[in-house]
């Protein structure tokens, strides 16, 4: 197990924190600009229920793209693997996460995987419910259950800010609507999607979610199964092949664990059978991943041989 | 001058009409499906005000992409060449008219030319006016003036049908909004654009518009200048380089005149200093051009040496 | 007729020459680097056999991409329009002249037009002859006939320099060989192609070639037909739609004449029924066209209303 | 450990073999066409030196793309991680393994990863040695050492057949030469590369190589270290993210082990710390992977929980 103590973990945070200065806080969603680029916090949740952490762990952040893994799990529960992957592919891509090019060039049109924006929007489209409100409550409740924290909520400010500025996601949605990949009202889907991205928590909550994935869908202290093992496995696979935008391949070589980042600076990690990880460091590299968060994971991986490969 | 008489023109129509059976009426805009695929009509308007025609010339059709030339003229009048081509390029493209790929791959993002959908939407965005209604009235009035027919109106049914189904155009608009090429409300712009596409006329009206372009912007019988010569020249240039979707190059070789087609089956032609042409033949080839209309132009061009080259 | 006298033409050259300082001599073919970026010369050849010129008209330059028009003419004579356009398309492209992307993305693989490198290589592949030597002599003799100058030869130095450095053209050739567009030995084809590109002349020779195209294939003083009118017409069409690399659309708007440029800084022009043009100005803009040559054409076109549109 | 006995393994082979009829033997390399599409064999090599196998395990096949993993290991040993990844990227791609598009569109031009053809050619280019012969002997000797079999050789017939027909690889090489990614003679590099692809073995040899990767570079019975642990780890990572052409993502979800396929129908597997796998089944699916081999791995993975995720 990495870092027997919070003190040791803190040393790693201090080392990794030096790299925050090379990154930049996301600015394309206005509400994210307020984050402090120097922040870095991490929590490690173990199967026995203990948790070590370091940094300013009370800081909250929104899930953003991290939510893609969670809605993928819920869509797989709702619709089954076969249905989901009829609409969304399995393949990693060398294109940026918000690229539309392959939707036009591939025939039939199909988002390459559920971790790029087009794929994630198609996945959210599959989440069942009587209304947008109902579907959002289902997503939020699922997140609360995974985090073991019924206080998890979403930031209305961030959701609104993102809803108003996400023209590219609208472009992706309409393109997919043209090709029958989605068929609901785009503004409604965007409303749901931006709320999902705006779910807010701290790195302890996130580490707890990571732990459930690490333990194949079972919350280890209560032994409660939150999702089928198969679903957890599929999600972890995508976290390895596509979790870090178009730096996923390099991350697999350098760190080698299932993980998913978001432009808020959060990173979730799920080390199979071992532990869950939650990181928050809002200064991003040019590919949209937490720059100090990646460094922190690289140090941990090297120090404690975390790579699965 | 081609075809001294309607009789001779009629012979050409009969010959070209045989090709209607190899084409198909556009089906992606529901309201266009009703057209009779066997229709073919043509009108030739000469500077002296005489007009010869053949086929069922009373049939009306909507302008669709033909309107792109007209709004380009109006935008050039409204904003000037420099402004227009800061937002939209000059270059023909080997991509389909509704392609989004180059908007992502080109840096900075910019529609390649005003004849593809992205470019035409950006051009309509430039049309001045206090409101959507006002801007549409300006477009319609301009069309009426060009056609010398104040009865020209738009088809509410076609506009509505197109507005409801044009997801791809919405995708293009939001992509351009993301990149600052357009900055107005997308639904409003689409409302304006689909109305512009739904302006309805017969082939005589269209030939009269062609004549004004052919005469460098002057209506020859009244001598009234409707647009600057420079604007007419620019429009005719784009009709040659980009007027027939991604069959423009082949059309330039086979026919060699400034012309623009629409998916309704209309084609406008503007033979410099000579005459204007209006064609309606709703059966389309696989690139979206009137199949018998192209044949008709090919016959005329060969018979009367119309090619500019 | 533009410029009644060499004096007036000289004034235009002086004005256009100021723009040479914004351009750069081609450096990707080592032998071209030696050109003097300040050079600018022009010749205008008229049907009555008179020629006016300005600038240092004795300077020689290699044809480079200008040769694409000439081999297209010869291939059309050798193989006919149908055969040629089964292998090479008619359509302009928004991609760079040396792009390989569309060869992979289009199905079946086919160069978009004969003016991009892939298309020109496929065209040269069609030139008939018993051997590379024989085929080259046929091309050279054709050029001599067009130029009315049996002293036109090729630069061994430039051909060799280009042959040794044209890795991209080899890449295009092998890609096309894979797809059955060409089936001869690539090194041999490259040998032939680089020699064709290295044919050398001055701007008077070039203007004479332009005149033959302008007069539909007939040399006007001798009345000798050098190519069928149909072939001359097709070539002029491509000069308008694709003659200036991916600045062809802008050139059509600004100048509006059939013309073809080469990276040596040469430009051929063929104003239908009026005159031929030869320009040499080796300083290029970023798209590979003679920067002062374009300016010169723009001035002439505005001053003497040369645009066909 | 999967399959305690060859009998049980044989049952799996019988089940998987039914799928050979849905596949097709590779035909683009003439010499590969001779393979029997019904063949299927598998060997599992364990750290204690025992090996179980099933099917006609004496059948030999060439490595083809499987060799990409081995030359990557050798290049990492020769040049170090930093140097290798300056020339070749880390990222999986949604494009086909022989695609050239991204080499043009990405700036700077760089093969996306070492498992696509462009990347593998760039990797082979890095293998050190005084001559092509010397470099090939180094590769072959490395393969023999990994396989623990000094009789491993290459098929001259396959190498020759591939050398003569690999126009696409030449196209990729010249494109990379243009961009300075490789700078040696292309024909020589192709000679080396096609020989490497033509190295021949049976599935027992291949399983032994897989075992060395599985054991982090150490041959477990002799305890000899054949490559640094770091190198073995990097290779296994690419086997997960890019090992099955553009079906790698689906394979990761369905099977979840480091593996690499070749168009000969071979598949190498390296289950970390557990065992090595060698499969031969020449009938391929449309993405170029052994169709029955994939099925076999899917059955084994489900039955014995092999997935790493």
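Chains here go by letter, A, B, C and D, matching the order in which they are written, and residues are numbered from 1 within each.
The criterion applied here is as follows: a residue touches a chain if its C-beta (ideal position, glycine included) is under 8 Å from a C-beta of that chain, and two chains touch if they have at least 3 such contacts.
Please read all numbers here as calculations on a predicted model, not as lab measurements.
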Reaching chain D from chain B through chains that touch each other, fewest steps: 2
Chain of greatest Cα-centre distance to chain C: A
For chain A paired with chain D, centre-to-centre distance based on mean C-alpha positions, whole Å: 32
Geometric centre distance via CA averages, chain D-chain C, whole Å: 47
Residues of chain B engaged with two or more neighbouring chains: 105
Listing of all chain pairs that touch each other, if any do: A-B, A-D, B-C, C-D
Contact footprint of chain D on chain C as seen in their complex: 99-101, 104-105, 167-168, 170-175, 177-178, 186
Chain D-facing residues of chain A, complex: 89-95, 102, 106, 112-113, 233-234, 236-238, 240-242, 246-250, 252-253, 256, 258, 272, 307-309
